[in-house]
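For reference, the structures are reproduced in the following blocks.
You will see chain A twice below: alongside chain B first, and alongside chain C after that.
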Partner chain A sequence: MINSVIDQAWASMLASVLKKRDISRVEIGDEVDLYIPQSRLLSLVESNPDIPRLLYSSAQESARRNAGTIVNKLGMPSDYFWKFEYWPKARAFSTLEKIVTRIFASIMSQAKEGSLKITELDVEPLRINISFGECAECAGITDFEYGICYYHAGTLSGILSSLINRDLDSFETNCHASGGDSCDFTIGDKTEEFMRTGYETYISPPVISADLAVRLEKSLNNIPVRALGNMVDVSYLQLAMANTLLSDTENAALSSYEVGSQLGHRLAPVLAAFYGHEGLQNMGDYYFQLGVFTVEMKGDKSRLELNIKECAVSAGAVKAMEMTSFLTGELQGLTSELTGMEMKLEESRFEDDNLLLTFVPAG
Partner chain B sequence: MEDKAKILVVCGASNKSLIETMLHSMEYQVIPAESGDEALQRVEDAQPNVVLLDIMMPGLDVFEVIGRLKEDTVAATTPIVMITSAGDVENRLKALEAGVDEFLTSPVDQVEMQVRLNSLLKVNAYNRQLLVYQNDIEAEVARRTQELTRAFEKIKIASLDTVYRLSRAAEYKDEDTGAHVERMSHYSSAIARAMGLDDEFVENILWAAPMHDIGKIGIPDNVLQKPGKLTDKEWEIMRQHTTIGSEILKDADTDFIILAQDIALSHHEKWNGSGYPQGLKGTDIPLAGRIVSLADVFDALTSERPYKKPFPLEKALDIIKEDSGSHFDPDVAEAFLSVEDEIAKELNFWKFMSLEPDSSDSDTDLSNLFGD
Partner chain C sequence: MTYVRFLKIALPVIAIPALVVLVLPERVMSVYVDVIEPLSLLVGSFLAIWVSFIYRKQLKAAFVFLSAFLLIYALAIILFLAFYPVLLPFLQSHLGYTEILRIVQGIQFINYAMLLFFCINLLRVIDVTKLNRNGWIILILTVIVSLLLAIYPVMDLTKNMNSLELSELFTLTMRILDAALIIVLAPVLWLYIQYLKSQQKQSLTFTIIIFGIVWATLFDYLFQFITTLFPGLLSEGSLLYTTIPEMIFIYGYLIIAVGLYAHRKQDEWGYNTIDKIMSGELRLVGD
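Now for the complex of A and B:
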């Protein structure tokens, strides 16, 4: 199920490049504020030191599969990269750059995910350096001394592994989040000692902790965090979230709910300060402003029914309840704070494209 | 403990404790096994230096155990000692044939056992050294073979790359892009694969096809780049690109350049004999030339030229069908049409690659990309 969500999101991004995609959210558009995927990924990473590795592996596996599907769909000859390992450096660089730029950089640029460029290539040992500017994963975050773009590290190595049919790994050598001008990745053969060491160091960061309230204020106040703007295509949000759920989906969804709930509890005072009033109205305003969804609320704090329309995590996608786990957790935390009593999720279901959630007091 | 020689022992109940006590007193590490089956299981992990088997061992027959030990590459070099009763000549002969190295007579004498084991341990140490040496040699041979293969491939592809760039240079002389050679070489390899030709031929044609028009380097620009119709005299000059190409590529000693020479000379020949430069007919035209001829024409039909729009795929395919048996080898045309879907996808790929990333060129039919 989660694999279907991932494959559909990739197909949707390709369709967008080919001008063959219809908008799925007619009212609020198919973009969501960067803070949404960032807050989710960082909260999950902060909650569990295994998440960087899991996210990387899932992103790598799904990008590899989808890159293969995409070049096949586009009709790239099967022998296009034949015997790539023997190619002269200049030709290897120009050919790989041509494909990566025309296909995958286009996809990422169209989705406003970032600006992908191959900057250097060596064939023996294989070493591909990539510059990823305007990175959706970390733009506007400055709290770190090391790279934090695990989703993109996995995705980029997965794409290149698929193209040249080799098992590659990558690690980040420079990151916006640690003060870099771009996020730079080194990609090479995963069996090579240099790559193994680089990857292991990268994927086991010391402590991940970001001040999400500071980051959120930038988005709420429309302070640009990058030249591409603060919005990103919903497909990117769906891909990032789905990849956190790919391994051990049931447990990952439960953890997502818990982590979302904690974030929701922390979110309430920030929203109250920003919107200047209290109560559930803040919630509707916030999610609408950041392009997450529109909501109709019914009932009161004894039974609160939310009819969520054009939800960013499920719009135009396969309807998988697991995909909504972080959001429902966040809403549980938020409604608890905004109603002044601990709430619990009583029911959640999709009705057509709408997500229907019912919260009742936990007691 | 690790430095002690390891003796795997399987004895009948009558000998077991005595033998094990003796071995302990001789400072060996004893690996006891209760039966022949257990001995076979333990030998891989424990890697004993000597195996000591009692003819009266429980479980599997002792000769079956010996036979299975000798089938294993590592265990086969481990000396085997068998304990038999005095005068059991028949079993000793059978055991020698099976591969036993030494015998001890029951009841076992400790001094005799020590002397025989010491001698066998030296043999075992030597065997192990030989095995390590043999493995090292094999690994080294494999490594050097891989290096040689790699070096050979690199030299081949480096030289190929140079020629490939020259071919593109020739294309640049009469087109605004060198992409034609890239496209038609992949069409050629797709046809060769569809014809069931071997990987080596497919690879060679992929690399050789781009050189088909290399002779255009020798055609004067006023003919090659003439915007209007060529005169008969100019056509005559133009046709010389086949023979010039062949001259450039002749006397090569690598397969793909030899193939490239065939292609350069014959890619304008026609199945019915009406082509040039030699007017060859049917299978007198080299196979690679027949394949490249079709790939070249198909790419010309589906590409934009200063004087024409690209033909739609269906129209180009109809032309190939119509000209099968006259211009094209019917077998080549049939193979090409059998991979029509693959060719259609490749055609889209080249179109996609030639578009600007932000283009939404309505003439480019990319709708079939979501067909499956």
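Now for the complex of A and C:
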């Protein structure tokens, strides 16, 4: 099911480049604030040191599969990069650069995911250096000493693995989050010692802790965090979230709910201070402003029913309840804080395109 | 243009200049063959060098040797082996038959050396160990069949191995080398079929080039085998004894040329197709 969500998101991004995508969220539009995917990925990474590796592997696998599908749909034969290891450097660089630019850089640029560029390539040993500017995964995040773009590291190595049909890995050598001008990745053969060391160091970072409240304030105040603007296509959010759920979906969804709940608890004071409303109205304004959904609230704190429309994580034909787990947890945390009463999720279901959630006091 | 589309058009089209051989009057046919055979080999030689620029290491070397083979073969036809050879009358006025034969044999050996180097480099690139069980069975069958095809029509020669003349020994050696060539190249064809539906798909255009070489070698021997086995199939002295092999050679050389051209143009055609689909000029495949 999660794989279907991922495939749908890739297909949607391709359709968007080809100008063949219908807007799925008529009222709110097909973009969300960068803070939304960032807060989710960072909270999950913060909560569990295995998440970078899981996210990377899932992103790599799903990108590899979908890159293959996309190039086939674009009429590129699967033997296009035949015997790539025997190509001279100039041909390897120019051909790969052209294909990546024409297809994947276009897709990512259209989705406002970032600006992808192959900057350097060596054939023996294989080294592909990629510059990824305006990175949606880390724009506006600061004060890290190392790269944190695990989703993109996996995605980029997956795309290139698919194109040249080799098992590649990548690691980040420079990141916006650590003060760089762009996120730079080195990609090479998985089995090579240099790559193995680089990858292992990268994928096992020291404890990650990001000040998401500070980051949220930038988005709430519309302070631009990158030249491309603060919004990103919903497909990117869906891909990022789905890839955190791909491995052991059931348990991953439970963890997401927990982590989302903790984030909701942490954010409620920031929202209350920013909007200055009483209670739950802050929540509705927040999600609408950042392009996540619109909500109709019914009932009171003894039984709160939320009718969520045009939900970013479940936009599109394929609906997977697991995809909403982080959001549901976050709403549980927020409603608990904003009502002053610990709430629990009583029911969640889809009704047509809407997500219906019912919260009741815990215990 | 995609290379699949190009091949679908080009492979039937090049059958026309090959089939023409069958219908031309004898005198016109010999002139036609004298022109079209070396010409298609020269074009192939030029294209093989052009293809070598897009590779390095063993694959580059393979195409350089293929180019040298096609070039030497073309020159050998023009100078010695054609219906109206350019150099032969001159040599005949200065040298005896045996000396001329040795020159021709020497050139053919050099040419086979080129083909051998081509195969050696190719085998270092093509991972024969990836052959599946069926592949190995096919390879064993290829060894049996190609040796049979090569030796059966000249079985008489093998009966008197101790008293063979140099020219007879040369003929036998050439035929065995041809059989060895088919045996070496057969795995390339099978690997293509084996990986047809996999992500590790082998190059179609490269397989076409190899198929061209195998075609030119194998079908000539097959024809000889059939006519030896069923001598009544063609009337004695029939022109078809000459024109059918020539047709096979011409089509084989043209297949090689078409494969090489498509192989070299693949990058460019790939970009163009993607650009057209991305700009909406073409539809997505499968839409």
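Everything that follows uses one rule, which is that the second predicted complex is superposed on the first by the 362 of 363 C-alpha atoms of A that agree within 3 Å, B and C clash if a C-alpha of one lies under 4 Å from a C-alpha of the other, contacts with A are read in each partner's own complex, and residues count from 1 in each chain.
By definition in this document, contacts are C-beta pairs under 8 Å (C-beta built on N, C-alpha and C of every residue); 3 or more make two chains touch, one makes a residue touch a chain.
Keep in mind that what you see is a predicted model, and the values were worked out from it rather than measured.
With chain A as the common reference for superposition, the partners chain B and chain C occupy clashing space.
Contacts of A:80 after superposition on the shared chain: both chain B and chain C are touched. By the touch criterion stated above, A:165 is placed in contact with chain C alone, chain B being left untouched. Once the two complexes are overlaid on the shared chain, A:109 sits against chain B while remaining clear of chain C.
In the superposition on chain A, A:277 makes contact with neither chain B nor chain C.
After overlaying the two complexes on the shared chain, residue contacts for A:68 are found with chain C alone; chain B is out of touch. In the superposition on chain A, no contact is made by A:298 with either chain B or chain C. Once the two complexes are overlaid on the shared chain, A:349 sits clear of chain B and of chain C alike. With the contact threshold set out at the top, residues 17-19, 72-77, 79-80, 82-83, 86-88, 91, 98-99, 102, 106 of chain A are in contact with chain B in one structure and with chain C in the other.
Interface of chain A with chain B (complex): residues 11, 14-15, 17-20, 72-77, 79-80, 82-83, 86-88, 91, 98-99, 101-102, 105-106, 109. Looking at the complex, you find that chain C touches chain A at residues 2-4, 54-60, 125, 199-206, 266-267, 270-271, 273-275, 277-278, 280, 282, 284-287. Those residues of chain A whose C-beta lies close enough to touch chain C in the complex are 17-19, 68, 72-80, 82-83, 86-88, 91, 95, 98-99, 102-103, 106, 123, 162, 165.
Chain contact summary for the complex, chain B toward chain A: residues 150, 153-154, 156-158, 161, 164, 186, 189-190, 202-203, 206, 342, 344-349, 352-353, 357, 360, 366-367, 369-370, 372.
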